[in-house]
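Each of the next two complexes has chain A plus one more chain, namely chain B in the first and chain C in the second.
Then we have the complex of A and B:
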């Protein structure tokens, strides 16, 4: 189902990035880069992620010149068990909080829910946020962080950082025009080191439904972005949608390939993690939309919504993707 | 008929370079083995040890070196270059234990390090002991002890 919005705008954003993002092609667009180490001045990686998220929200609040009580909700999620970074970071604020989880598609889900609440006049200002931390994700889903096992080429690299965005019902330059909620897809792939292949099907389904619901073609948008498919997932998606008559060869890219330069950086197939699409959207894309490079953008964060126990029990990996349409108002 | 999507997945998923990885592992592992043999002879000469005593010293040396490299954060980088040459010998075993210990230190001595230190190495120990029993029994039956 695709919802259209008439009254939802993007007010301000705040992004915090780390070492690998600094070495990437869009590092000039971030608001804050902490590149000393992965600890962000804390004594554990988990606390570092929580503090990054908390800082990005408080700096967003300062930048937008609002106070806690002006914000109706914060909607946030991350990769940690029990979305710990979000739940713990929200101790610092006096704002009603909704914790969500769609793995790396979390930011898309947050925008969809936030935009619906504002459009339905249930809220005036909503902050949507997310974070991820390479080391926290490694520990959670893979091996101890210092453990070095040879990695596959199709592996993606979890980005480190936090991003938050303030949505409002007051008119601003960039408007959220539409959103399509994802349907969980599963093609029976069990390889946790090939997330691009796991998630491309979810992106394909959501993009297909979005375009047909709105009765538009792919070239309606100046840019279509998927979240973190990586180079191999990107190729699968382009080829797969060609069969459905959707041509993505001209105006499509993947945030995982914008955030990192896979030719120069040791990140295998590209960036991943909930903050991957959020960092790219809240920094590079929105700034370039304001400068006039893009008028209409469709962002489709993709998530592999798997569970480590189920993976060990040899179940296949489900995935989801949510699409959000953005437009510059003249 | 095979699913079109899965066809595309196998078309675009990159093939791992098994031959190259195997050659790197063989060469790097071989060099490591040669160095260890030299060290073994060295220990026998310098400390007048027997060959088996010297072998234990070599193993201890490898464990210490790989643990220190793990703590310094360079062992995982070495593995990405030298592949399984560092994972299969005792260096990989020591690395798995040290990396787990480092990771869980912040969760306390008992419930952190104690409970998690064998997270990766545990299965090596379990199946190592089981296979020792199995082969021990086979040896007893065939060779009489």
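Then we have the complex of A and C:
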């Protein structure tokens, strides 16, 4: 189902990034870069991620000149088991909290929920946030980085940082125009080192339904962006949609290939993690929309909603993607 | 923030329970009991939980005489890392999926989101679902049950089962009247064997805000129900609220003490798990509301939103509770 919005705007954002993001092509667009190490002044990587997320929300609140009680809900999720970064970070705020999980598509699901709540007049101001941390994710899903386990070239590199966005019903430059919720897809792929292939299916399904529901073609948008398919997943998606008569060759890119330069950085197939698409959207894309480079953008955060236990039990890897339409108001 | 609803009704529910729930006081109210073992015909406990959840949703769809495309969203979450039961079960449906996580308060958050989306005319029919499985949760959060690790008397027993509810904008006997979203609480408790104490704080905060926002007293409801505080948490909550001038002595109970009989069953302080409050609500409470025993009920699912890694790192345990008001229409 694709829902449309007439009264949902982006007020402000705040982005925090780390070492690998600083070395990438869009580092000038971030609000804060912590490049000393992966600890962000904390004892553990987990506390570092929690602090990044908390800081991104509190700095957003300051920037938007609101206080806790002005914000109806914070909607946030992350890759840590039990979305711990979000749950623990929310101790720092006196704001009702709605925890979500959609793997690396989490920020997309948050925007979809936030926009629907505001459009339905069930809230006036909602903060949508997410984070990820390379070392936290590697430890949890693969091996602690210190083990030095080799990686396949089709793996992606979990981005480190936090991003938050304040949605409002008050008129601003950029509005959210539509949202298509993902349907879980699973074509039987079991390779945890090739998430791009796993998620391309979900991106294809959601983009097809989005365009069909709104009766528009892909060139309606100046830019269509997937979340973190990486170079292999990106090419698979282009092929999938070509078979459905949808041409993505002109106006399509993947956030995982915008956040990092895979030719220069040791990040394999590109960036991933829930903060990947959130960082790219909340910094580079929105600023370039304001500057006039893009007027209509469709962002499609993509998530592999798997679990290590299920993988060890030889189950395949499901995926999901949510699409969010954005437009500059003239 | 407490939001009110005028057009959100409960259409149908479907509950599946297991061995310990069969031995409890309300077993006659469940739709399906699988009491052969904890495998539900599957190879692993994890697959059993996934199948229970999937079956509960598909049987709900049959009972309500709808098809996948009639349902705008399924909103579901569970205790498994990456809410895997929900994500994997959703492979069986062609319905947009929104994954949520609020520990054992997940069903409450689902009802809150579903009701707001329907009241705001952003959806017509939404399925809210959850599951938990004792053996899956023990393995993930404590030790595999087969190890035989002793338990403290203040621990609760994760319920096994799945529950799903279809919300609709069409008039039915029972309506959802209000919802108060939780604010994360943390008073520094670190004892993972006493979740009742951890969560009582969150229940107190949410109930206080709910009553204050709506300018009503506790006796407005025929019954106030917390999710899974157990016997110790229940008494702590009564004490907390007595200090705030709120008397819960007459019309308050905890779902964890309704699902199991702690005097007869070896379940320590009571039942817990996201399915605990969902099972009690979707079977016993709704049926007794229809029969006239209760007219106005406030259910407050409670969750300890912690993470094993954070506990090992000596962090304290945050908690959250969401309140949902229900009423029989005459």
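Going forward, the second predicted complex is superposed on the first by the 330 of 330 C-alpha atoms of A that agree within 3 Å, B and C clash if a C-alpha of one lies under 4 Å from a C-alpha of the other, contacts with A are read in each partner's own complex, and residues count from 1 in each chain.
Quick note on the criterion: a contact is a pair of C-beta atoms (placed from the backbone, for glycine too) under 8 Å apart; a residue touches a chain by one contact, two chains touch by 3 or more.
Computed from a predicted structure; not experimentally measured.
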- Task: With the two complexes superposed on chain A, say which partner A:148 touches: chain B (first), chain C (second), both, or neither.
- Result: first
- Query: Thinking of the overlay built on chain A, is A:44 touched by chain B (first), by chain C (second), by both, or by neither?
  - Reply: both
- Note on the structure: The chain contacting more residues of chain A, comparing chain B with chain C, is C
- Item | Which superposed partner A:81 touches (first chain B, second chain C, both, neither) | second
- Message: By the touch definition above, which chain A residues appear in both interfaces, chain B in one complex and chain C in the other?
- Response: 43-44
- Message: Considering only the defined contacts, which chain C positions touch chain A in the complex?
- Response: 1, 3, 43-44, 46-47, 72-73, 77, 80-84, 87-88, 90-91, 93-103, 109, 112-113, 116-117, 119-123, 140, 180-186, 305-310, 313, 315, 318, 320
- Which of the residues in chain B end up touching chain A in this complex? 3-6, 8-9, 11-14, 16, 21, 70-71, 73, 75-80, 83-84, 86-87, 95-96, 98-100, 102-104, 106, 119-120
- Query: Which residues of chain A touch chain B in their complex?
  - Reply: 43-44, 139, 143-154, 187-189, 194, 197, 200-201, 232, 235-236, 239-240, 243, 266
